[in-house]
Every structure is written in structure tokens, then in C-alpha cells.
Amino acid sequence: MGNRVTEFNEFRARMNERILGEDHRVIKRFFGIDTLTYEPGALDAKTKEMLGLVASMVLRCDDCISYHIIQCKEAGVSDMELFDIFSIALVVGGSIVIPHLRRGVAFLDDWNVQHHP
Amino acid sequence: MGNRVTEFNEFRARMNERILGEDHRVIKRFFGIDTLTYEPGALDAKTKEMLGLVASMVLRCDDCISYHIIQCKEAGVSDMELFDIFSIALVVGGSIVIPHLRRGVAFLDDWNVQHHP
Amino acid sequence: MGNRVTEFNEFRARMNERILGEDHRVIKRFFGIDTLTYEPGALDAKTKEMLGLVASMVLRCDDCISYHIIQCKEAGVSDMELFDIFSIALVVGGSIVIPHLRRGVAFLDDWNVQHHP
Amino acid sequence: MGNRVTEFNEFRARMNERILGEDHRVIKRFFGIDTLTYEPGALDAKTKEMLGLVASMVLRCDDCISYHIIQCKEAGVSDMELFDIFSIALVVGGSIVIPHLRRGVAFLDDWNVQHHP
Amino acid sequence: MGNRVTEFNEFRARMNERILGEDHRVIKRFFGIDTLTYEPGALDAKTKEMLGLVASMVLRCDDCISYHIIQCKEAGVSDMELFDIFSIALVVGGSIVIPHLRRGVAFLDDWNVQHHP
Amino acid sequence: MGNRVTEFNEFRARMNERILGEDHRVIKRFFGIDTLTYEPGALDAKTKEMLGLVASMVLRCDDCISYHIIQCKEAGVSDMELFDIFSIALVVGGSIVIPHLRRGVAFLDDWNVQHHP
């Protein structure tokens, strides 16, 4: 049903608002840069999102993986391309990445169900 | 309601008792040193807890972050000081720290509700 | 009750099937090597599983720890030997390992209840 | 002068030969998969090398960064594109990446001197 | 003799100039935030540098450790306070931190010789 | 010639003496536990050294790898057994481990030359 996707987005949005509401100069600027990073530059937005995904995966952060899977899908990355990204993360990062791969694929499947019901 | 704080403390206390009950010499001594580390020395206890928090945050361990947030609050660290610590963790550790920041702030809010109802 | 063990095994089996069903050459070969790694060679299977457990623990991956605890128990590693492995992971990896130790011991206790009811 | 590039390549080639000469089944297969990973699939070789570079950078491995900079340059990645990759690694991985960025850029400059004298 | 300190500072300054000269918007802003992070806020500059040091140490980055040791010394952190910071990094990060502790102390000794000849 | 082994041992011994000479209670106790960890318990010393090696390798610490290679060799671990350990580290930790594998094997070769001239 894709509840995982909805829950993830809601908690993320609520806490980002809470954190930015604190009005901490460094944290606010960091969030600003974080957004700027994925805007088209020498590389297009799709490539940048793929780079963000593989980086999140080898660093083994489930929420970051979920976030970048959403961004990749919205930027037009196909499931076959996603599995190529997963394979690079797996080989670079090792079998320790596998549990995150399982949860990432489960999240992707939820996203696909939610968007192509 | 701060249930998150209560649940965290209960699981932590129960499992620590279980582990120490095994009476494994190295593990017991390690737990002893872990306590000793945060006692006042050249640096006072408050500073040491802040150091423990930032270390936990860049290493991205939610339970360690929760634990050191409790210790910091009990040592008199203000919320504004906590956000300074969070900002250092964020800049040193990068955007991969953000999901842990979200959960850390949610935990802090629960702690504050529980202690100032 | 050991539900934790059953749930872990079910999600793991289901997602492995899903991932391998994608028929991605690199990912399939990686899963193949992962299995091959723990087969007896110069070192026997029991020693290899212990090596897999300590590696998972210092890299702080709960699912990998759960998996290798199961494999170790099935290879005949005693609980006292497991605590020796835990102690090495703790000293090499530091106090940041403690929350994973707590969950690992809770998982071990569930496994033991399930297999010696 | 680009000696850094030559020295890196020589040590890498010599030790790979030494390691593969041991004829260890798992290690040989892993090296085989490692090569296979970057061959064109759903994603082209250039994109895959960029993914390998950003993964190496957030994991902070100087030799892996050097290797993937070479691969990227040979696959036609421009310096401006490399700096986009560096920026993503920096924001995802944090200021802890900066020393690796410095050494990576120094390596890139050596490579450029060696190839456009 | 403190050559280590001089060499470190020279390479750092030269490469920072090289990188900032590239005029990459995200990288420049990140370097700007990195500086801003350690300016006095709710916490004073000395405390912030100590937080930066312990974070660098558990993340095991020699150059970052060297840099923050310099910053700490210039902010008035005593050697006894530094060893308290080292002890927290050691207990949180484990024995894997020891080689970085050795190099950090060697760097500190060089700094002290250079500044109190 | 094995100079690498001699240099490693000399720097290690000199800095350990320097650090312990500081007489910091937590650091001294940590070093004491670190020694205690590898003494025979439920597991024998040889197995414990192998566990220490694989942990060092997936955490990618060259000095720790060098140290545990020495300890393994002195505990009677054969080169074939070492390559089994290396293979587990490689598969668990991924291709990011390869540069450390290269340096580890180069160190092992130096050790072997020094001890069987």
C-alpha cells in the first residue's frame, strides 16, 4: 500500500520544519546547501540524484536511501538503472550493505505500488 | 508524552543487567571504564557529556544519541547549546547525519515534555 | 517466544527472493560469493561464522549480527564463546557498539528460547 | 610531474598480481565481480565510474578515490563534472571528507599534467 | 622540530586555495559554513574546537585531528584537557582509534616543541 | 627487507610508552583491557587474534591490520588461513577494503622475509 512512503515523508517534513524553526544559522545554511547540491550544474539533476543514492547506500543510512529512491524515481531513473546503482553500492560497500538493500527494494516496491496502483 | 524516553531507559537498563550478569571479565571492565570516562577530570562532567554526544552523532548511533541527550540535559546543557552541538555534528558528519538529527530532536522534545509537563 | 527470530528470517527470505528474481548479474554473483565465503576452506565453517559475526558487530549492522548469531549457534558456537566474540567487538569498536550488543544479546536469548523451549 | 599517478598504478598492479597469484577462490571471484560491476548495463560506463568515485569519497578511501578519478578521466568525465561529484561527496559525507578532497584534487592535477604536458 | 606541523599547514593552505579557486558554488558555501560552525554561539569557541576534535577522532581522520589539535591549542585547551578528549574518543570509538591517538599525540608533541622551543 | 615491520613496531612502542607515561586513568585502563581481550578464554588466543584481524580489516585501519597480522603469525596462523580471513573481510566490507588488503599482504610478505630469511 505504500504506507511506508507516506509515513517516511510525513515524519521527514514535520521534523525538518521543527529543526528549521529553531532558526540556528549553521543548521539552516547546511539545509540550504543540501538542496542546492542536487540542482543541475555540470551534471544534470538525474545523475546527481543517482550519486546521492549510491553515497547513502554505502554509508548505510536507510532514511537517506528512501529519500534518494524517491528523488531518483521522480527524476526518471528506471528500476533497472536503480538495480545498477544498488549493485555498485553492494560491491563497493560489501555484504554489510545487503540488509539496507533489502529495505531499499521493499521501499521501492511500496513507492511503485503507490504511484502505479 | 515521552514514552520514547521511558521505553529507551527500560530496555537499556534491562539489557545492561542481562549482559553484566554474564560476568564476562572484559565486558564488565569495559562497562566500568565507560562510566569512569564521563566523571569530572581535567574537563568537567558537562563538557564531557557534550563530547560524548557529538561523538555519538557523527558515528550515527540513535541509542547513543538518545543516551547522551539525557545525560546532557541532566548536566544542565541548554537546548540552544544542544543545537550548537548538533550543528557541529552535521557539518563534520554531513547530510547523512540529518535522519539522526531528526530522531534526536524528536527524542529531546519527548524528554522536555516528560520533565516540564 | 522467539518471534524476533521468525520475523527476521521471513523478511530476509522474502526480500532475498525478490532481489534475486530481478536477475541482475552482479548482484546474483555477489550473493553467490557471499555464500561461498563461509564454506570450509583453510578455516573451518565455525571459525568463519565467528569471523563474520565480529565483522558485522564492529560495522554495527543489527541484521548482519542477527544472521551471524544464528549461523554461529547452528555451527556449534557456545554462548560463552559468543560473549568472547562480543567482547572483542566491544573493545575494537568501542562503546558505540553497546546498543548493538544489547540487541544482539536480546536476539540470542530469543533464539535460545525458540530452540530449547 | 604525475609521479603520484605512476607510483599508484605500479603498486596497485604489482599487489593485485601478488594477491591473485595466491589463487584464493573467493578473492579471485570478488576481483572478477569488481571488474564486471563497472561494465555498461542499464547505466553506461561513464555514469558507473562517477558512482564509484562518489562512493569511494564518502567512504574516505584515498586509493579508491585515485583509482576512480583515473577511470572517470578515461571515461571522459570533465573536471567540472568531477567537482560536481566532489561537492556531493562533501555535502553527504561532511567536512571529514575535506582532507580526501585535497588529496583527490592534487591527484587529479597530477593526472592532468601527465596527460596534457 | 615541528616540521610535521609546518608541512601539514602548507599543504592544507595550498590545496584549499586550489579548491576554492575552482569557484564551485556548493563547495565554496560548504567551506564558508565550516568556518562559521566554530565561531562562538551558545557555546564558546574553545568548547566548539574540543567538539570538533573528538568528532574527528572517532571518525579517524588524521588530518582533521591535526587541524583540531592546532585549533584547540590556540583556543587555550591544555594538554591535560586534550588527554581527556582523547580518552572519550578512545572509549567511544574503541581500540581502532589507538593508531590515530599515537599520531595525534606525536603531532601535539611537535606543536608544543614548535611553540615552546 | 622487512623494514616496514621494524618501523611499525618502533613507532608503536615509542608512542605507547609516551601515551601511558601521561598516566591518564581512563586511557591506561583501556590499554589494559585491550591486552586482556586477546588472552585465552572460552576462545583460544589464536582464534581471538583472527577475530581482531578481521575486525581491523573491515574497519580499514592499516596499523591495526599490521599489528594483528604480526599477532596472528606469532600465534601460528598460516598464510592460507590469513587469506581466508582476508576473503571474509573483503566480502563483508566490500571493494573499499582492497587497498588495505594490498598493504596488508605487502606487510605480511615483509614479515615473512624478516622471519624466514
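For clarity, chains are labelled A, B, C, D, E and F in written order, and residue numbers in each chain start from 1.
The rule is simple: contacts are C-beta pairs under 8 Å (C-beta built on N, C-alpha and C of every residue); 3 or more make two chains touch, one makes a residue touch a chain.
Keep in mind that this is a model prediction, so the values were computed, not measured.
Among the remaining chains, those touching chain E and also chain F are A, B, C, D.
Steps from chain A to chain E, minimised over paths through touching chains, total 1.
Where the sister copies chain B and chain F meet, the same residue numbers recur on both sides for over half of the interface positions. Looking across E-F, A-E or A-D, the interface that copies C-F in more than half of its residue contact pairs is found at A-D. A comparison of the A-B and A-F interfaces places the larger number of contacting C-beta pairs at A-B. Per-chain Cα centroids separate chain D from chain F by 27 Å. Between chain B and chain D the centroid-to-centroid distance comes to 37 Å (mean Cα coordinates, whole Å). In chain A, the residues touching two or more other chains are 26, 30, 33-34, 37, 41, 55-56, 58-59, 64, 83-84, 87, 90-93, 95-96.
The touch graph of the protein chains shown is complete.
Contact residues on chain E toward chain F in their complex (touch as defined above): 60, 83-84, 86-87, 90-91, 95-96, 98-99, 101-103, 105-106, 109.
Residue ranges of chain F in contact with chain A, taken from their complex: 58, 90-97.
Here chain C touches chain F in the complex through residues 33-34, 37-38, 41-43, 47-48, 50-52, 54-59, 64, 78, 80-81, 83-85, 87-89, 91-93, going by the rule given at the top. Across the complex, chain B meets chain C through its residues 11-12, 15-16, 18-19, 22, 24, 26-27, 30, 34, 55-56, 59, 61-64. By the touch criterion stated above, chain A contacts chain E in their complex at residues 25-26, 29-30, 32-33, 36-37, 41.
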